[in-house]
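In the two complexes below, subunit A is the common chain; its partner is subunit B in one and subunit C in the other.
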Partner chain A sequence: MEFTDDQVMRYSRHIILPEVGGKGQEKIAQAKVFIIGAGGLGCPVGFYLTAAGVGTIAMIDNDDVEMSNLQRQIAHRVDTIGMPKVESARNTFQALNPDVNIIALRQRISKHDILDLIKDYDVIVDGSDNFPTRYLVNDACVMARKPLVSGAILRFEGQVTTIIPGEGPCYRCLFEEPPPAGLVPSCQEAGVLGVLPGVIGGLQATEVLKIILQKGELLKGELLIYSALKTTFRKVKVPKNASCPVCGDTPTITELLDYDEDYCSLR
Partner chain B sequence: MERKTVHKHIDIKGLVCPYTFVKSKLAIEGMEIGQVLEILLDSEEASNNIPKSMVDHGHTVLNVEKINDTDWLLLIRKEKE
Partner chain C sequence: MRLMINGKLKENIGATTVQELLDELGIISERVAVEVNLSIIRKKDFHVFRIHDGDEIEIVNFVGGGTDKRKEQSA
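And now, the complex of A and B:
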């Protein structure tokens, strides 16, 4: 791939890294990443992957921008309130880097379309804010054998893990079932420090680039837990569960499920 | 001095750091192991730094030569991908 003068300048701090170089930047330019959610996590993930020059970035989200999003969802602005989040984010990302092909999907992801939607993508990023979607995305990525970088945030704490189907454990090896709706924080309890998704989304974007570059060690078989209040990172080993209902030896979940939408999302 | 076979020549006069190294690195990435890259440049800083960085990346610096008042000529042999 021949870089233009602008691209040589734009990506120069990547190119001079021995682990990236022109060849790594070319891999980044050819990569296709699918991001679920254009909210707290999707915004920083999409922002940094756009800046990094990922060739194609799809984002899926059914919501419109609201004033209460702006405390943490950094791709949106006062003048995009009322606009679909995916369009608001696309405008921001396109203005940052016109090299990147941004695909905005304004829809809810469901068991009927997820496999078809993700089939042409190299890496999937879960930035969703609810358990039904988290489990749906996990199951779909295991079935489609797609690398998944999963992130979650609540209050002052966040988690990241990278799922490589066939190699490491999946989300269900860790938590077999979504928690019952009664145990999930209610809307009044579900606060979040505005900068927290920046930390967690930044970690997710880093994992995505390492998957694309095939460099370094991934958070495979590990859950990284960040506490903003304590300023600590903890890594918890997650073994692959041979009796996991989706990636175990004899899976009991062989087709995708939709859970109740009876959860408060961090809108 | 014995003249080495040069497989690729780049002129990066007028460029400043880090683009001097970025251009040199992109050039060498596109070559085969064992081939020699000749770099013409006019930045004293780059005449010191490019050889250092090339060694860090595992390549061999065959020659650094000031050829006139303003210009240097570097010869680098690619040793690894």
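And now, the complex of A and C:
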């Protein structure tokens, strides 16, 4: 593919990097990334990947922008309150970089459609804020063999890991089953420092670009834990778990589960 | 007993199993995953898995939002 003069100028600080170059920028321009959630994490991930010139970015989210989102969800604005988050984010990203094809999906992701939705994408990013979605996305990416960059935030703590199915562990290798409903609070219940998703989302976007460029070392088999209060990063090695129910030697989960439905039926 | 917990040395630990350790540290077991010497310990084994002097233990919080409902899809 040929870059226009404006594009060469726009991506010049990438192209000058030996690890990226014109070839790498072409890979970025041809890449397709699917982001789950257009909130705290999805905003910075989508923002930076848009700036980087990723060819196609899909975002899925069912919510509308609220005033309480603006403390951290940096793609949304006062004048987009009430608008679907994916549309608000698309407007912001498109204004930054019209080269990028932004696909806004205003819907809840479910076990019925996730495999079909992600099938044409190269990298999946989890920026969800709830365990039912987190486990659904993990299981779907393992089954579809899609690279997944998973991020999570709460209060002052953030976690990031990169899952390459077939090569390293998955989210369930460490956290086999979701915690009992109500035991681990949400950001809505327990709060979150507004900057925290910027740090974690920035790390997620970096992992995505490394996957696309096939450069550097991924957070594969490692969970990176950031403490904003202590200003520490800790890496926990996560071995592939032979008894993992979804990616182990004898998987017991061979069809997608919807924990949301399970939780509701248990209550 | 001395243990390395999350990269830090902790002394005078009395616990002999993973579950006792979590109790001693005041950690609710359903909120964490535990690794002992780079092996992930299954939750159902917390009560029986014995820990020993010098073990390296990682206790990792569940982070990822609520489980009650799926009102907000994004963090």
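As a convention for this text, the second predicted complex is superposed on the first by the 255 of 267 C-alpha atoms of A that agree within 3 Å, B and C clash if a C-alpha of one lies under 4 Å from a C-alpha of the other, contacts with A are read in each partner's own complex, and residues count from 1 in each chain.
One rule holds for everything that comes next: contacts are C-beta pairs under 8 Å (C-beta built on N, C-alpha and C of every residue); 3 or more make two chains touch, one makes a residue touch a chain.
Because the structure is predicted, anything quoted here is derived from the model rather than measured.
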| item | value |
| --- | --- |
| Which superposed partner A:223 touches (first subunit B, second subunit C, both, neither) | second |
| Touching partner for A:12 - first (subunit B), second (subunit C), both, neither | first |
| Touching partner for A:145 - first (subunit B), second (subunit C), both, neither | neither |
| Partner chain(s) touched by A:133 [first = subunit B, second = subunit C, both, neither] | second |
| Partner chain in contact with A:119 - subunit B first, subunit C second, else both or neither | neither |
| First, second, both or neither for A:22, with subunit B first and subunit C second | first |
| Residues of subunit A touched, compared between subunit B and subunit C (which is higher) | C |
| Residues of subunit A defined as touching subunit C within the complex | 36-42, 60-63, 73, 85, 108-109, 127-134, 151-154, 157-159, 173-189, 192, 197, 223, 225, 234, 236-239, 241, 243, 259-260, 263 |
| Parts of subunit C lying in touch with subunit A, wherever the complex brings them together | 6-7, 28, 30-31, 33, 35, 38-40, 42-43, 58, 60-75 |
| Interfacial residue positions of subunit B with respect to subunit A in the complex | 18-19, 21-23, 25-26, 29-30, 53, 56-57 |
| For the subunit A and subunit B complex, residues of the former touching the latter | 3, 8-9, 12-13, 15-16, 18, 21-23 |
